[in-house]
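When the chains are written out, they are named A, B, C, D, E and F in that same order, and each has its own residue count from 1.
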Amino acid sequence: MSKKTIHIPLGSQHISLLEPVRFKFECENEKIVGVDSDVGFVHRGIERACTTKFKFDAIGYVVARVCGLCAITHSLSYTVAIEKLLGGEISKKAKYLRILLLELDRIHSHMLCLSHTCENAGFEAMFMRIMGDRELVMEIQELLTGNRIQFDYISIGGVNRDLDVQTAKKIIENLALVKAKVFSYIDEFTNNWSLSLKFKGIGALTLEDAYRFNAIGPLARACGLPIDVRNEIEYLPFDEVGFKMQTHNDGDINARNMVRLNEILNSLEMCENILRGLPEGEIFTKLKGKPKGEALMRFEAPRGELMYYVKGDGSAMLNRVRIKTPTFACIPAFSHIFMGEEYADAPAILASFDPCLSCTAK
Amino acid sequence: MLTSFIKAFKNLFKKPQTIDYPATPIVQDKGHRGLIEYGEESCIYCLKCEKACPPGAILFVPVQDPSQNEKNKKGLAYNYNPYLCIYCGECVRACPKPDEALWQSNKKPQVAVKSDKVNAEWFVLEKLKKQEKTK
Amino acid sequence: MKKIEVALKSVRDEIKSFYDYKKWHFLTLNGVALEDNRMQVQWIFSKYEALDEVVIYYAEIDYTERIPSLSDIIPSAIISQRELVDMFGVEVEGSEKGLYLDEDSMQTPLRSCLV
Amino acid sequence: MIEVMLILFAPLIGGLMYGFERVLRARMQNRKGPPLLQPFYDMYKLLDKQAFIINPYHTVLGIMHFLTLWTVVAFMIFGQNLLYIIFLHLLSVIFIILAGFSVNSVYSHVGANRELLSALAYEPILIIVAVGFFMMHGSFDISVIRQNSASIVPLFLLFLAFLLLIPLKLKKSPFDAAEAHQEIVGGVEIEFSGVYFEFIYIAKWLEYVFVYLLLVLFAGNNAVLGTVLFLGVFLLVNLVDNATARIKMKHVIQIVLGIALTLGLLNLAGLSYV
Amino acid sequence: MFRKYRKKSPWILHYNAGSCNGCDIEILAALAPKYDLERFGVINTGNPKQSDIFLVTGPVTFRSRERLVELYTQMPEPKVVIALGSCTCTGGVFRDMYNVEDGIDRYIPVDVYVPGCAASPELLIDGVVKALEILEEKTKAIEKPFRLFKEASSENGIINRRHSALKVGEKDEED
Amino acid sequence: MYATLILAPLLFALTVLISPLRLRNILSIVFVLFLSAVSIGMNLTLHTPVEASLHQLFHPLFILLDTLVLLYFLWQGVVKNSSLVMLLALLQIVLFGIVLSLSAALDSNDILIESTSTVMYLLINIVGGSIIVFALHYIESEAFGRFKKNAFIAILFFFLSVMNFIVSTNNIEIFFLLFELTTLCSYLLIAYRGEGVSVENSLRALWMNQLGGVAILAALIFSILHYDTVHFDILIANIEEVYLLPIVLLAIAAFVKGASIPFDKWLLGAMVAPTPVSAILHSATMVKIAPYLMLKLAPAMNGFVSLSITLLGTFVFFSAALLALGKDYFKEILGYSTIALLGLMMALAALGTPEAIRACLVLLIFHAISKGLLFLQAGILEKNFHLKYVNDINGLINHSPLVVFFITVGFASLTLPPFGAFIGKFMAIESIAAEIAGSPLYLFALIFLALGSVFLTLLYFKVLTKLFAKDMDAEAGNASPHSPTAYAEISKYYTFPSFLLLFLLVAGIYISFEKELLDSMEIIVPLLLIGLVPLLFATLLFKKAHRVKEYNCGEKEQIKLNMYYFHMPRRIKTYIALTATAALVILMAGVVL
C-alpha cells in the first residue's frame, strides 16, 4: 500500500500569515505528523549594520525596526544597555513614562494577537471587534508619541516627549473604555461554544516541555511557568506600579488567550497607577561619552523576554549588538506543539504563539 | 456566543465606527510626526541632520548653482526623500536651529507613482555624495 | 552578571553539571568577534524568579575550532547554534548553515575582520 | 414566461442577496461595508481580467459546476421533482470537487476533501427533507408542494435540521471549513482566476438562490410566510455567522449528521404515526 | 467596456518581503472597522490568481526575492503593485544592509509608493485610491518582473535552501 | 429458444476446448454476438411467462450431476485439506439424500420464463459475453498451456449456460443443482492459477457458497414436507403467512450468493485472486442470482420478512459502502460497492411493491453493465499498467484517456443522472419513502439508503479524482518502471467489450426515455451538460488562456499530494458483520416462531 501522507505548506506567503515564514506540514489526512520550518525570510542583517553602519546613538531607531510590534521594547532595551555603559541615572519621570508606553504597547500588541487568533480561527466578527477597540489604544499612542506604530519615543537619556495634561486625561478615558471591552472579551472567550471547540485543549504545551524548551512569555506563562522579566529586573519600578504575574495551567490556546487578557487588565491597572502617581521632573538627561565595556539588558516584550547584549570600545561604533528576541527562543517549542494537531488548527495555533519572525531573523 | 449574537444584532442599528476617509479628511493631531520641512534661509549647513539621520534620508549634495545662503560654502543643496525617511525626528533633534532650519510638521507625505522615480533618483544622489566624500 | 570562563573542551561537562532546567533558563548563545581571527562564544543563562541573576559561560576560540553542541542538554539551543554557524562561519557540531543566509548573501557577516 | 425570466435572472437575485449580506455583515461588525452592488462590480471586473488556466479539465469542470447549479435552480423554479433536484445538485457539487482534485495544489485538494465530507454531511439530510415533503404531500414534485399549504408546523423538526444545513451550504461560520480562507485560502476555488473564476463566483450566488428556494418550500403556498421565513432565516444565519468561529470538519460532520439526522428521523417517525 | 468597474473591486494580495511588521499590522488595522477598506470593495484574498493589487511590505530580503517574483507572475493582468512603507519603497532604515535589496522596485515594477514608517492606514487608503486610478488606465499587456531566479531545489533537511540564484534581465547591466 | 441459450454455450464450451487459438477467438466472438442477439430477440419477442416441461429423462441426469458435484466438493475438501468444505459437502450429501427420499406431490413445470428471466438473459449473455471477449485476449497473456487456456474459456461458456438455465428454471431441485454448478464454476475460476492465495480464496468461496447450498436443501426439505412441492410457483402461490421458513432459507441462499455481509468474504477473495476475469464475471453477473432469486420470492413475503430483509439489505448497502471507503485496492473497492448495490437490490426486491421491483430491475441491469465496464478497466489497469491501488493511478488521464473515459462513465453511470443506475437508486428512495407511512421502521432503511448512496458517491469520486490529478512522478522525471509515462495503446480486444457496454449504457438512456422513468427534460439537460458544453468551451476558449502553475504559497517546490483516506478500524468491521449476522438470526427466529 502506498504512503499516505500529504504535505501541506503554510507560507511563506499565506493569508493567515502577516510575515513570511514557511512551515511544511507532513499530514496524515489533516493530522500533522511532521513539521519542517524555515524562519529565515526576514533576515536583513541588522546586527551587523549596528556595528558598521550606524553610530551608537542612532541605533535606538534602527533596532525599533527589528519589529514593529514591540519596537518600544527593542529601543528601550538597547537604550538602557547603552545608558548602563555610559553611566548616569535618568529621571524617575522618564522611567515612569517608559513603563507607560511599554504597557500601552503590550495592550495593543496583545489585542492584535487575540484578534488575529480569532481571525485565524475563522471568527471574523471577533477580529473586527477587537481590532475596532484596539483603535482606542492606537489613538492614545499616537497622541503620546506622534505615530501609531513606530513610536521612536525613547532616546538615550530619557524620552522624547513630555506628557501633557490633556493627553493624560484622554489616556485615562480611553483606558477605562478598553477595560470594559476586555471584560467582555473574557466573557466571550470563556463562553463561546465554537471558540472553545477551536481553542480548548488545542495546541497544548506541558509545563515540563515549557521548562525543557526554555519557553518564555505568554506561551510559558500559559503552562504555569512563572517567567516574566518584569519580575526579574530592578531597573524599572514595575513593582511600584502594580505588576502582577499572570499564569494559567492548561497550556493550550485558550490558556494563552486568558493569560493575554489578564495581562491586558494588569497593564491597564499599571498605566492608571503611573498616570496617577507620575513624579515631577525632567524627561531627559543628557548623557556624555562613548559606550565602553559590556552590558546585557533584558525586558519583557509582549511576546516574552527580549535580551540585548552590547559591547563597545569607547568609539562611536559599537563592537557587538546581540539581539535575542522572544520568538527566536520559542521556535523549538513551536514545532513541538504542532505535532499531532490538525492542520485546520495550525493557523490558529500559530497565531496564538503570536510569533514575530521579523525579530527572529533580524 | 449569545452575547456576540446580540451584539451583532445591536450593531445593525448603530452608527458604524468607520470614518469615511477620504470623503471626510482626517485631521492630524499637531504632535503627529509627519514630513520633515526645511527652511533654506536659516540653515547653517552644519550637516548634523545628514549625519544623524539613520536611513540617510537627508543628503546635501553639491550642485551647479547653489542657493545664496552665505553659510553654504561648499555649494550644497538639501535633498530630502520622504520615501526613505522613517519619520523618527532625529534630524530635528540634531539640528542646532530646530523650528527654523529643520522641523517636523504634522503633514502627511504624498503617495508617489512610478514616474516619480523615488528610488532611482535617490541612487543618483547617493552616488554623487559618495564621489564627493571620496574626493 | 557573572562571567565564567571555560575551555572549549570542558564546556559540555561544565554546563551539564551547572544546568538544572528547572532553575536556570537558557537565554541564548552569543558570539562576539575579537581581534586576530578570534571570537568569544558565550552561553547565557538567567535564573527563574530571581532579580538580575545572569550567568555567562564563555570561551575564546579561533574561527577554525569546532564548537560542541549542547542541544542534547538544552534542546532549545539548536536554533542559536545554527545562527552562530551562519553569522560567524564557525563550525558547531550537528548544525548546518543556511538558517538565514542564502548562497549569494554575504557570508560570515559578524567576523571582525569585515568590520 | 415568468419562470423563464426568473431563471435567467436567478444569478442576479443571488448576487443581490450576496451583496446585501456583505453589507449586513459589515454593519454587524460595526463598519460601513461595501456598496450593495459590490458583487456585480466584482463580476464585471472578473470579466475584464486576463485568463489564467491550470489545465483544461480543471476549468471545464468549474464551468460545469456552474451550469449544473443553474440547471438545478431552473428545475426548482419549474417545479420539478425535488429528489431529482437534490441529486442533480449533488452532481454539481461533484463537478467542483473533481475540479478541486484535478490540479496539483494542496489547498485545492484539502478544500475538495472537505467539500466531499460536507456533502457527506448534508446530502442525507436533504434527502430526508425531501422525504418529509413527500410524506406530507404525497409527491416529490415541487409544484405540488408549492400548491399545498405550509408544512412548516408538521415538518418543524426537519425545518430545524435544514437550518443547520444552511451555513454549511453557504459556507458560513461555524460550518465554513470547506472554504476556510485562513487555512486553505478558499479551498477548491483557489486555482480559478479571471473569467473562469467568474463561474465559481456566480455559482456561489446560485447556491444562495438554491438554498433559499428550498427554504421557502416549507411555507408552501403561503407567500407571506415564505417572505417572513426567508428574511428571518437570512438574518439568523448572518447573526450566527457573526457569533461563531469556524469549527473543524470533524465536528461539522458530527454535529450536522448527529443533530440534523436525529431531528429528521424524529420528525418522519412522528409523521408516520399521525 | 468593463474598465470602469476595475476600480470598484480591487482584491488584494499581501506579501511581506521582510518588513518589520509595522506596516503589516497597519494593513490589518485598515481592514478593521475604523478604516474599513472593504468600503472600496477590497477583499484580502491571499491568492495571487484572484487579486488585482499586490500589496508588498518590506525591503526584499534575499530569501523573499523569488517568492516576490513568483507571486507577481501569478497575478493576472491588469494588476498594480503598491509598495507600502518606507522600507518597501527605498529600503528605508534597512537601506544598504547586506541581506536586503533596497526596495521592491528592483524586482518588480511598482506603481504606487506609499511612504511612512509605519505607513498609517490613512496613507494606505491614499495609496489604494491612487492604485485604483492607475488600474483603470492599465492595459492587459503582460508586465514582466525585472529579475528572475532559477527553479528552487529542495533538500530534506529542516531548512530548504535555494542553491543558485541566477540573475537575468535588464537590470543586470547596471550592476 | 431458451434451450438454445442453455445448450448452445454448453456445446460451444466443448468446441472451444479443442479448437486452435485463432479459430477459437473468431468463433467465440461470433458466438457471443449470436448469444446476445438471441437474448435480445427473446427479450423483445417472448411473451412471458413461458412454461415448459423437461423430459422425465433429465431428472436422473440431474441427480447424477448433483451427486457428482457434491462428491467433487468432498474430494476437494479432502485433497485441499479443508475440513470445513468437507463437512459442508457431507452435510449437503446427507441433506440431498433426504430430499431424494422425499417426494413431492404437487407438480408444475420445470421451466418458467418470466419477464425477469428475459432481463437476466440480456445481462448474462451480453455482459457475460463481453467479458468473455475480454478474456480471450487476457488469457493469452498468461503463461499457461494451450489446453488450460482453452479450458478457461470453456468454463466461461459453461458458466453462461448454467446461468441461462438457472434463471429459466422453476424447479428448486434443479435450481439447487445449478446453484452448485455456479459455485463449482467460481471455485474453478478462482483457483485457476493454482497459487497459494488462489487456492485459499477459492476454498473460502467454496465453503461459503456451500452454506447457500445447505440453505437451499433445507428449504427444499421444508417445502416438500409442508407444501408438498419442489416448484417455485406452487410454493409461492400456496404460501402461508405462518410458515415462511422455505422462503427465508432461500433468501439466505440469495444472501450468500450475493455476498452480502456477513458472507462478503468470498467475493472479496475473488477480487484479490489473480484472475481478474473471474472477478469480473462474479461481480458483474453471477452475483445477480441473488436479487433474481429475491425477486422470485418477493410475492411470498409477508410484512415481517419483507421488512427485515429490506432493512438488512439497506444496512448492507450502507455498511459495505462505508467499508469500501477505507479501501485502497481498486478491485476491492469495486467489489464492496457491488456488495452494497446487491444489498440494495435485494432490499428492493423484498419490498415487493411494483415500484420497488421496477427500481430493482433497473438497478439490476445497469449495475451489471456499469460494473462490467468498470471491472474491465480494472483488468486493463492491472494488465497494461500494473496498477492495483487507487493511490497509484494518479494522472492516468495523461497515459490513457480512453480508460479514464470508461472509468469515468462507469462511475458516473452508477451515481449520476441520466444514467440507469442513478434512476434505479432514485426510484428506490421513492419507493422506500412511500413505505414509511406504513411502518416507521422503514425510516431506517431510508437513512441507510441515503447515507449509503452518499458514501458510494464519495467513494467513486475519491477514486475518480485520482485519475485527473496531475502526475507528479512523470513530471519530475522519476517515474517508477511500472508507471508508464506516455500515452499507452490498449489492445482492441480489451476496448471492444468496453465499447459494447458503453453502447448499452447509452441505449439504457434511450430506454429510460421510452419507459418514461424520468421526465425527458430531466434526462436531456444533464446529458447536454455532461457531453456538449465542456467540449464547446474547451475548443473555443482555452487557446487564448495563459497557463500558469498552481499556487503554492509562493514557493516553487513540488508538494506531495495524496487522497484522503478513511481509516476503518477492525472494530467497525466486526460490528457490522455481527449486526448483519444478528439480523439474519432474528429473521430466522422470527420466522420459526
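Assume a contact is a pair of C-beta atoms (placed from the backbone, for glycine too) under 8 Å apart; a residue touches a chain by one contact, two chains touch by 3 or more.
Treat the numbers as computed from the prediction; the structure is a model and nothing was measured.
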Chain hops separating subunit C from subunit B, counting only touching neighbours: 2
Interface with more contacting C-beta pairs, comparing B-D to A-B: A-B
Most remote chain, CA-based centroid, reference being subunit B: F
Longest centre-to-centre distance from subunit E, chain (CA-based): F
Centre-to-centre distance between subunit F and subunit D (centres being mean Cα positions), rounded to whole Å: 36
Distance from the mean Cα position of subunit E to that of subunit B, given in whole angstrom: 22
Residues within subunit C bordering two or more other chains: 98-101, 105-106, 109
Contacts with two or more other chains, residues of subunit A listed in rising order: 6-9, 12-16, 29, 40, 43, 45, 48, 61-62, 65, 125-126, 128-129, 132, 135, 147, 150, 192-194, 361
Residue list for subunit B, restricted to those that touch at least two other chains: 1-2, 4, 7-8, 16-18, 20, 54, 86-88
Contacting residues of subunit A [partner subunit E, same complex]: 12-20, 36-38, 40-46, 48-49, 53, 61-62, 65-69, 71, 112, 115-116, 127-128, 131-132, 134-135, 138, 147-150, 356, 358, 361
Touching residues on subunit C, where the partner in the complex is subunit A: 1, 21-22, 25-28, 30-33, 42, 44, 46-54, 56, 74-76, 78-80, 83, 87, 98-101, 105-106, 109-110, 112, 114-115
Complex contacts: residues of subunit D adjacent to subunit F: 50-57, 59-61, 63-64, 67-68, 71, 75, 80-81, 83-84, 87-88, 90-91, 94, 97-98, 100-109, 112-113, 116-117, 119-120, 123-124, 127-128, 131, 134-135, 140, 185, 190-191, 193, 196, 261, 265, 268-269, 271-273
Subunit B residues touching subunit A - in the complex, by the definition given at the top: 1-4, 7-8, 17, 29, 31-33, 52-54, 86-90, 93
Residue ranges of subunit E in contact with subunit B within the complex: 33-36, 39, 86, 89-96, 102-103, 105-106, 109-117, 120, 122-123, 125-127, 129-130, 134
